[in-house]
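There are two complexes below, and they share subunit A, which is joined by subunit B in the first and by subunit C in the second.
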Partner chain A sequence: MPDSRGQGAVTSSSDLDYRGRDWYVDKAVSVLVFVGGISAIVLILGIFVFITREGVGFVFGPMEVWEFFTSPFWRPTSLSEPTYGILALMAGTASVTGLAMLIAVPFSLGAAIFIGEFATGRMRESLKVLVEMLAAIPSVVWGFIGLTIMNPLIIETFDVPIGLGVLNSGIILGLMAAPIMTTIAEDALKAVPDAYREAAEAMGATKWQVIFKVVLPAAKNGLMAAVLLGVGRGFGETMAVLMASGHSINLPTSVFDSVRALTATIAAELGEAPVGSEHYRALFTIGIFLFGITFIINLAADIFVRSGDKR
Partner chain B sequence: MNRFFKSAPAVLFLLACGGGSGDRVVIQNRGSDTLVNVAQAWAERYAEVNPAVAVAVTGGGSGTGIAAMINGTVDIANASREMRESELEDALARGVSPVEHIVGFDALAVFLHPSNPIDAISRAELAQIYAEGGSFVSWTDLGVTVPGCSSGEIIRISRQNNSGTYAYFQEAVLLGDEFKLGSRDMNGSSEVVELVANTPCAIGYSGLAYASDHVKMPCVSGDEGSPCVTPSKESALDHSYPIARSLLMYTAGEPTGAIAEYMNWIKSTEGQCIILRLGYAPLSQVTCA
Partner chain C sequence: MFEATALNARNRRVQWLFAALFGLMTVILIVPVVLILGVLVAKGGPAISWDFLFTMPRSGMTQGGILPALIGTIWLVVVALIASVPIGVAAAIYLSEYAPDNWLTRGINLAIINLAGVPSIVHALFGVGAFVIFAGFGASILAASLTLAVMTLPVVIVATRESLQAVPMAFREACWNMGATRWQTIRIVVLPNSVSGILTGVILEVSRTAGETAPIMFTGAAMFLPFLPQGVLDETMALSMHLFVISNQIPGISEEFKYGTALVLISLVLLMNAISISFRTYLRGRKKW
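Right after this comes the complex of A and B.
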């Protein structure tokens, strides 16, 4: 059959051109998968454009960049002279996330090593399910635990005036970040080929020597990614930190000091800031800043994972 | 988040009803979170009183409501503070002359932990505690030691900086001065009460309607020599309590038609009994069923 349409000729022959139910289902599913695949990119770009559009009027308008990052005075609704300084807020976020990581890293690495290298059978499966359930607790519940249970507990245990602060929110955030870190760290340990372990054991290494000298170094990049994703989780967490940190503009000097996080400030103030006002735009500028930090952290985690894959 | 959940059912209800009944008048009502519960109770009851009118209530804060009233997107703005000079100028510049309606009163109670021995506090003392430059940082500055608060430090509990309650406290107690930074700024009145109830060193403030049995409310005296008055609906109503605020609604110009009828109904005995039941003081003494 003479053909001037190239490849189309084959499918246009009458019996192959039949478009039945299967053909439409096939087409629909491939479109659905494609849309699903690019939706993350579209959404993230959309969010970025939105945040930037709302905040840009402040960045190029009344914002004094130096003051914004170095002044601890956040007084956006002052009647006489509003000041926009996020130093205390950055210190709050950093101190809470830092303490959370100090708590979460040993716990989640320990849990991952136990689940991945020691636990077997039922024990292993039930532990995995339990750790994942921990991740499913809503953050407002964690915050409420911080406000009503941890606060009096810290006051009594340490004899401090108030239990809302770096310690309280650090513990809560540590517990919230641990499940994610455990799951990813365990995956990283699992990715180490059994041949490595067998080789080490064949050379007479004890179980601990195998783990410390062989498995952990081999899984280094994956573990680093787990920690970084935990840090990202800490930076982004809002509700629990808002409730457990005391939400107080303060440069912390001890773990008992109340602090205020960047995310919590946006959450608390955005709802009542008149749309388009200087205050509203300043809050979105914090949003741009947070977006940038989270992006860098996730990118770093991704690079670590990739460099691990290559080897 | 709170206010969203509170107002969501009413909005959904109205959306559900709005579809069928063609020529219903819908009054848009937005603003103060302090007033959102009351505004919603009014709207629900009014739907029975006058089925031809639907009132859609949303929260968002006093400032949001006032801005929306100036823009013409809502008919009535709820506010727990008076309009600012800048807001008034903005309104006049757009050819809107806002009319203020007082719809009730709210006593701003001061909360202390039950173990705190203080029974009376003055406005000036509160300003020393809360205002920038104020000298009171320890409970011994007020001449007391609080059991369970060994450091003696006064833990100031406040509200987030754009709440109407915060703004009223700043105006009436701090006389317009700045707040000392470093207070614990809670995101809702009930969180203030919850935290004070659990913290012996703490002091906090919020609307009387949020008081619980787990906190202590000292009497408050105004200017020097004036008597110390316990916060209550009665003392807010007869204006003897020094830090009671008016709860306000603003309309763009004198209200007419359905809006005027609604405002009048709010000020009637039936409307005022609703505000009384929700813990605020009515405009005048009312007898409720």
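Right after this comes the complex of A and C.
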């Protein structure tokens, strides 16, 4: 009985070899879809190669790598002595992302537990759809909200001169990251087999005992992945942070301080940096750094999900 | 017979308390966003008119409409789809129908996750390095759309793979047993049964592509152009970029204009998203197997 794809595989005799047009089309398609399949790998490598290519002259060029990371002075356009230190930019990114996670992690885990374990039927479905819709709001709209709605609100509420800063962008970023974290966390809860819940309930456990003693421990890897992906999202967010953080270089000491993030710096300055200049290369070097960090975050999240799957 | 003991009553109270607490957290997460959207509608609604949507901007964008931004966004989305949908669908077919469980497949999956997770501004840097400079497209619709295509490729791949995998294995086996080749099976049985799921993914991609700003800032989106793009090698205005420019870069734009632009952008994105979600819900409800 010839097999389905290549009848010719049965024998090499040309009499029995009825490889026709269909066989060749089939082979051609399998090559084509393979090329499509590896496109993601090619593109990820491409991203790495191209940003490295544009930034590489800088890494071994005008300043020590150590100084690049530890100097708080980012003065790329200084005429006398331009310096490229990203410490203040890293502090900006860290403070905004940190505040955002402080807001988003508890609320999105709480929301995920509510949607996944308490809500039922129509309510559950509508909440899920609503959360999914919230995740789709474009980041430039969030930035606009930070600029026009949150800014006056913060000025009024806390009686401060300017409402753009860590607080504003932290809240905006928290609201942005929360729906995504909620969705992923809810998926992680759903992945816990119902048999676990039923076994615990049969032992007389109440719902919250089931959740805290059984579901959460069983889902902890998936929840960890949700948090990590939320961090990655906050860390890499560009437009909202650019518009809502005030964009001045600072090592922040209070939540009302204006800061500048790594991503926002690239977005604000790439247009003005002449192609191939030191400044231009420095911005691409920040890009390499961002790429590296998000790669590690995604890899870690993937490992968490994978180790959860083994159960 | 089964009366609640004191402990049970306590447990039930605690349970109610937890349900209320988590419910409240959900509400706190959703309500501000809904309020904000309400403000956008209330303040932006009055700006929306035929003139606002379908005329060119005048007097340094303080008057007139957003037509070139709207048209530009359509250009960007269409060209991005032309580039990413065939590749994305091919990738999904490979992953769902061909890929063995080996290190290469794991690598592809990891690459997809990373492609989706890389910051949008890094995609912009890639677009500048690869399409604007290396490929020589310059700042153009082509370069911007390709950058967007790379960025949103995971959306198409994941949605398509999911809908391909939803086709029961027995369908394929039945077809193979008739002597069909692997590709004939995919073309005649698998794809027709999953085409609506793929469409859901494509609509979702439209929603993502239309809203992105950072990847197009340096690859083809202009702050202001007095004419509509004529081809893929022209620069263009875009709705998302326009919102950024008028709210952050240029002083003296009326509130109404900014809110109006934000409202148009968010309506477009959420509408596409809603279509995609309801389409998916409808398909799930109708599933025959």
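The working rule: the second predicted complex is superposed on the first by the 277 of 311 C-alpha atoms of A that agree within 3 Å, B and C clash if a C-alpha of one lies under 4 Å from a C-alpha of the other, contacts with A are read in each partner's own complex, and residues count from 1 in each chain.
Here is the rule we use: contacts are C-beta pairs under 8 Å (C-beta built on N, C-alpha and C of every residue); 3 or more make two chains touch, one makes a residue touch a chain.
Nothing here was measured: the structure is a model prediction, and the numbers come from that model.
Applying the stated contact rule after C-alpha superposition, one finds that A:162 touches subunit B and leaves subunit C untouched.
In the overlay built on the shared chain, the residue A:295 is in contact with subunit C alone; subunit B does not reach it. Contact with neither subunit B nor subunit C is seen for A:304 once the two complexes are overlaid on the shared chain. When the two complexes are overlaid on their common chain A, residue A:148 makes contact with subunit B and with subunit C alike. By the document's definition of touching, of the two partners only subunit B reaches A:77; subunit C does not. Taking subunit A as the reference chain, the count of touched residues is higher for C when subunit B and subunit C are set side by side. When both complexes are overlaid on chain A, the residue A:275 reaches subunit B and subunit C alike. Looking at subunit A, you'll find residues 140, 147-148, 242-243, 267, 271, 275 touch subunit B in one structure and subunit C in the other.
Across the interface of their complex, subunit A is touched by residues 11-12, 14-15, 18-19, 21-23, 25-26, 28-30, 32-33, 36, 39-40, 86-91, 93-95, 97-99, 104, 107-108, 110-115, 117-126, 128-130, 133-134, 150, 153-154, 157, 176-177, 179-184, 186, 207-208, 210-214, 217-218, 240-241, 243-244, 247-248, 255, 258-259, 262, 265-266, 269-270, 273-274, 277, 281 of subunit C. On subunit A, the positions that touch subunit C within their shared complex are 4-5, 22-23, 25-26, 29-30, 32-41, 43-44, 46-47, 50-51, 53-54, 106-108, 110-111, 113-115, 118-119, 125, 127, 129-134, 136-141, 143-145, 147-149, 175, 178-179, 182, 206-209, 211, 229, 232-233, 235-239, 242-243, 263, 266-267, 270-271, 275, 283-284, 287, 290-291, 294-295, 297-299, 301-302.
Of all residues in subunit A, those touching subunit B in their complex are 72-80, 88, 140, 147-148, 151-152, 155, 159-164, 242-243, 246-250, 258, 260, 267-269, 271-275, 279. Touching subunit A in their complex are the following residues of subunit B: 1, 3, 33, 60-64, 67, 148-151, 153, 155, 160-163, 167, 170, 176, 178, 181-187, 191, 194-195, 198-202.
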